[in-house]
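What follows is chain A paired twice: with chain B in the first complex and chain C in the second.
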Partner chain A sequence: MRTARAQSILWGVVGVLGVAALWELYKAVAPDEGVTVGSITVLPRTTDIAMPHIWDMVTRLFDPVTRAADADVLWWAVLQAAAFSLGIAALGWVLGVISGMLLALLMQRWLTAESAVLPWVVLSQTVPLIAIAPLVKRWGTNIHVGSFQWENWMSVAVIASYLAFFPVAVSALRGLKSPPQADTDLFHAYAAGWWTTLIRLRLPASVPYLMPALKLAAANAVVGTVVAEVSIGLGGGIGRMIIEFAATASGDPAKTWAPIFGAVLIGLLSAGLVALLGRGLGRFRRGEVPA
Partner chain B sequence: MAFIATRGARAAAFTAAALGALTLTGCSSDEAEPAATGGDTGSEAPAELTAVSVQLQWLTQAQFACYYAAADQGYYEDEGLDVTIIPGAVDIVPIDVLTSGGADFAVSWVPKVLGAIEQGATVTNVAQIFERSGTMQVAFADSGITSAADLAGKSVGSWGYGNEWELIAGMQANGVTLADLPGGATVQQAFDMNAFIAGDIDAAQAMTYNEYAQVLETVNPETGELYTPEDLVVIDWNEEGTAMLQDAIWADSERLASDEDYAATTTKFIKGTIKGCVYAKDEPEAAADIVTAAGSTLGTSHQLWMTNEVNKLIFPSTSGVGHINEDQWSSTVAMALETVNPEGATIITADPPETAYSNEYVDAALEELKADGVDVMGEDFAPIEVTLNEGGA
Partner chain C sequence: MSATRAAVTIQGVDKVFRTRKGGEVHALSDVSLEVAAGEFVSLIGPSGCGKSTLMRLVADLDPATGGEITVFGKTVEQARKDQDYGIAFQQAGLLPWRTVRANIELPLEIHGVDARARKERSDELLALIGLEDFADHHPDQLSGGMKQRVAIARSMAERPRLLLMDEPFGALDEMTREHMQNELVALCQETGAAVIFVTHSIPEAVFLSDRVVVMSPRPGRITDIIDLSFSSRDEDLREDAAFYKGVTAVRSALHGGADASPGPRGVENR
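The block that comes next holds the complex of A and B.
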């Protein structure tokens, strides 16, 4: 068991180093102007602006963000931004999972609901994020209940949940409907009600379907958070940092990669957290069904 | 996920821990929004201050030094205002935010808003903060491009979304139509100048205060030194005669007409903002630092360059900062009526309504400022020399 874990960590490190080595290899081998067929560039340029050296990107992380007297070191600024975005993504994920589960339950309970709601669930994902984001923000700013005031980060969390709920709703519905007829008939024969059947049979049976969906939802929530930050202008997170640092894309190209590392970090962390959740549900997982 | 709790306690503990971690990080996120409130005027400001919000058209940067300096120096507070400065974003249209009630004022370019007004937005330009245009087209000196007429057949970059009108008007005035460009259109430009430096774009759109500096902050691989102005050719729309009015303060026309408090607030807000502009003119280094402290991550030399260039767009002022000059307004409107976009349409098809601009509020603010001895003309304005460092550091 221990050697297996050590091995998987080793392979993880090898994977990261492999990507870095490939990057440098391509940079060393391919021509500066990339490879073009006719006037179309099929392989990217390898100039230091287009592809900074790995070590330049890493050393840049240990320099301050700007020369301002109180500027943070870049890696710390990225880490703070990553934590901020991860927090919002997590909230979006929780909201998305809850609403996805509720929708799935609704659709499982009433067949009419399924035929009425499912098309809308699918349709909801065809609306581009950049159209939804300003609308959510606009609706939000009109919400004033007592001393409660809608904040920008809430809009971002809602947008993240909008992307996260979809895989959960669809997969949970499949999972809830997965017990074979014989099982449901047995529960019926025991005069078990819908509620008991749900708790004892359908929910446990849905776990193998749910786990991949929760991972997908986590990835969607992260993407949704980063894109929504850019879209509606929430400061403090990775998305905004990517836009801000774009101004130095030519003059300080290594800096523009720092928030991208931050985004990768969020992705890894959220995948890890969901995996942790999966361990808690281990006894229900008899093989996983791809979403 | 309540069903988990009915199963084994270990499972529940695991899940609760994971969920707890997620929600905890989610809750802590409300503290990290910088720059939402300008300067030190936070939510705990005294109750007698009037809460006012202004929607900017882009991220926190020295382009908006007037507003940030005014907030930081307490000029808004002096007027009895508690101003919240809302930075813009990629998909935020300031005029939409203004008309939907998300902000009391908006900062936007005039041609973009003229289009919105024709679509039904009831907004009024109450102060033309920038007298000059900061947009230009830059090319490398060896590209053979020296004027707008040379753009024919070249790949010409633009950000689009209403930022292209001066470029198109300038080309049109020199007999170049979009059909003369490769592919019959401008090239979509990103937020950086990489495509220009790599040679994918022959003539790139650039603001004097931002993208032009980005090029000058980049190492020229041929010399090993930073690019210099001598390496570049600049087509300045102010000189070509197709400059349009840019950063202006827009207010809600209907509220101006019906709400006396709002009208009074408008004058106060303009007054504070102009004082902020004067401060940025006199103390560019301090103003740049104020903007950086308000949440901008632009490099120090870049921020100072931007402050200095923005000062040049405001000062010296022909008729007082913010006053809308009739001739400039008319020529912007005339170009908006004549300039044909890629779809063959013009920005507007008819003259805008009279409510589209008003000097009433800005003139009142200027009177008060003059009485206070504030130099709103800046006749003796002299820009400073800013040395850009690599990467704008």
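The block that comes next holds the complex of A and C.
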């Protein structure tokens, strides 16, 4: 067990180093202007602006963000932005998981609900994020309840949940329907109602289906948050930071990569958090094929 | 036999399945049978003759198309709601996320029995099936025979007066099977429950049953009922002449459903 864990960590490190090595190797070998066929670039440029050295990216993290006297050191600014985005993504994930579960329960309970709702669930994912962002923002600002004020970060969380609910709804429905007839017959023989059957049979049986969906939902929530920050125009997170730093790319190419590291960090953290949750549900995952 | 003493009465029951393409399958036709309290009755017959269907009707898992079934004088629905029967299927059907003990306690838990009483009962049953040491194991850590024993213990958890068992030993090897049969006999003697037992094995039916009900397919119906009044059921019975006589009787009833030529149809044991 322990050696297997150590081995998988080792391979993870090897993988990261491998990518870094490939990056530097390509940069060293390929021509500066990349490879073009006619006017189409088929292999990217390798200039320091397009592909800064790995060590430049890393050392850049320990310099201040700007030349201003009171500027934070770059890694700290990235970390703060990452924490901000992770918070919103987490909220979006929770909202998405709740609404996905509720939809799945609805569809499991009533067959007509399944045929009425499932097509819309699938269709919802074909609407591009860029299109719904302004809509969510506009609807949100129309909400006035007492002193409640719709904020931009709420729009971002809603959009993140919009991407997160889909895998949960689809997989939870499959999981809730997964118990074989022998099991549902048994519960019927026990004169157990829908609720008892749900709690003692369907929900536990759906955990193996839910785990990958929760991971996917986490990844979706992160991507949704970063993209929605850009399209809503919410500052403070990684999304805006990527755009802002990209504007300085020609003068400070290594800096562009800092928020991307931040985004990767959020992705890893969220996946780790879901994996942690999965360990708590270990006993419901017997017989699950390890992913 | 008075109606109150019967565990199950089945009168003129029909079952027709309507298939999705509009076809009809006549699974049971005019089936009548009475099972006395404490009696062990086996259903035997070729595949597709409606044994499982009949058991599912008694368990109120499917509705009958015609006729009447009562369980301890009640409708099947009432009997199910009153938990008058325990049930075990061919597949053990244990919940993989529950330990052996928790699987046995499942019906008790669903019916709100408190934790102490549950533990008491599961301790009893674990001892009965000889799996005390496996109480905290999960089903994936058990052999097929052990799982089946757990399923049987679960069906007995609420001390039902009626047990419905659909080929519970179907997936077991001959050795384990005979062992389980001995255990089932012992369990039934202890609890005094009536049993409806579906099987494909003639020796199994003969060894376990007070009466063997022989069925034939298309449409499913009862062709013969063979009485076996053995004085005792133990390992010796398997070598006994009376046992072989019973096996022969059931076999000829099974094969000679239409032509009654080979001797008096199984009535010699009556």
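We adopt the following convention: the second predicted complex is superposed on the first by the 285 of 291 C-alpha atoms of A that agree within 3 Å, B and C clash if a C-alpha of one lies under 4 Å from a C-alpha of the other, contacts with A are read in each partner's own complex, and residues count from 1 in each chain.
In this section, contacts are C-beta pairs under 8 Å (C-beta built on N, C-alpha and C of every residue); 3 or more make two chains touch, one makes a residue touch a chain.
Quick caveat: nothing in here was measured; it's all calculated off a predicted structure.
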Larger residue footprint on chain A, choosing between chain B and chain C, goes to B
Could you say whether A:Ala249 touches chain B, chain C, both of them, or neither, answering first, second, both or neither?
-> first
Pick one for A:Ala263: touches chain B only (first), chain C only (second), both, or neither.
-> neither
Would you sort A:Arg138 into first (chain B), second (chain C), both or neither based on which partner it touches?
-> first
Which holds for A:Val78: it touches chain B only (first), chain C only (second), both, or neither?
-> neither
Please work out whether A:Val168 is in contact with chain B alone, chain C alone, both, or neither, and reply first, second, both or neither.
-> neither
Could you say whether A:Arg283 touches chain B, chain C, both of them, or neither, answering first, second, both or neither?
-> both
First (chain B), second (chain C), both or neither: which does A:His188 touch?
-> second
Chain A contact set shared between chain B and chain C covers 204, 283-284
Counting only contacts in the complex, chain C reaches chain A at residues 56, 59-61, 80-81, 83, 85, 87, 89, 91, 93, 95-97, 106-107, 109-111, 138, 140
In the complex of these two chains, what residues of chain A are touching chain B?
-> 45, 47, 49-50, 65-68, 77, 80, 83-84, 86-88, 90-91, 93-94, 97-98, 101, 130, 133-134, 137-138, 141-142, 151-153, 157, 198-199, 203-204, 230-237, 240-241, 243-252, 255-256, 273-274, 276-277, 279-284
Under the touch definition given earlier, write down the residues of chain A that touch chain C in their complex.
-> 180, 182-183, 185-192, 196, 200-201, 204, 207, 283-284, 286-287
Residues of chain B defined as touching chain A within the complex | 1, 3-4, 6-8, 10-15, 17-19, 21-23, 25-30, 32-36, 59-60, 86-93, 96-97, 100-102, 190-194, 197-198, 210, 214-215, 217-219, 221, 289, 292-293, 295-302, 389-393
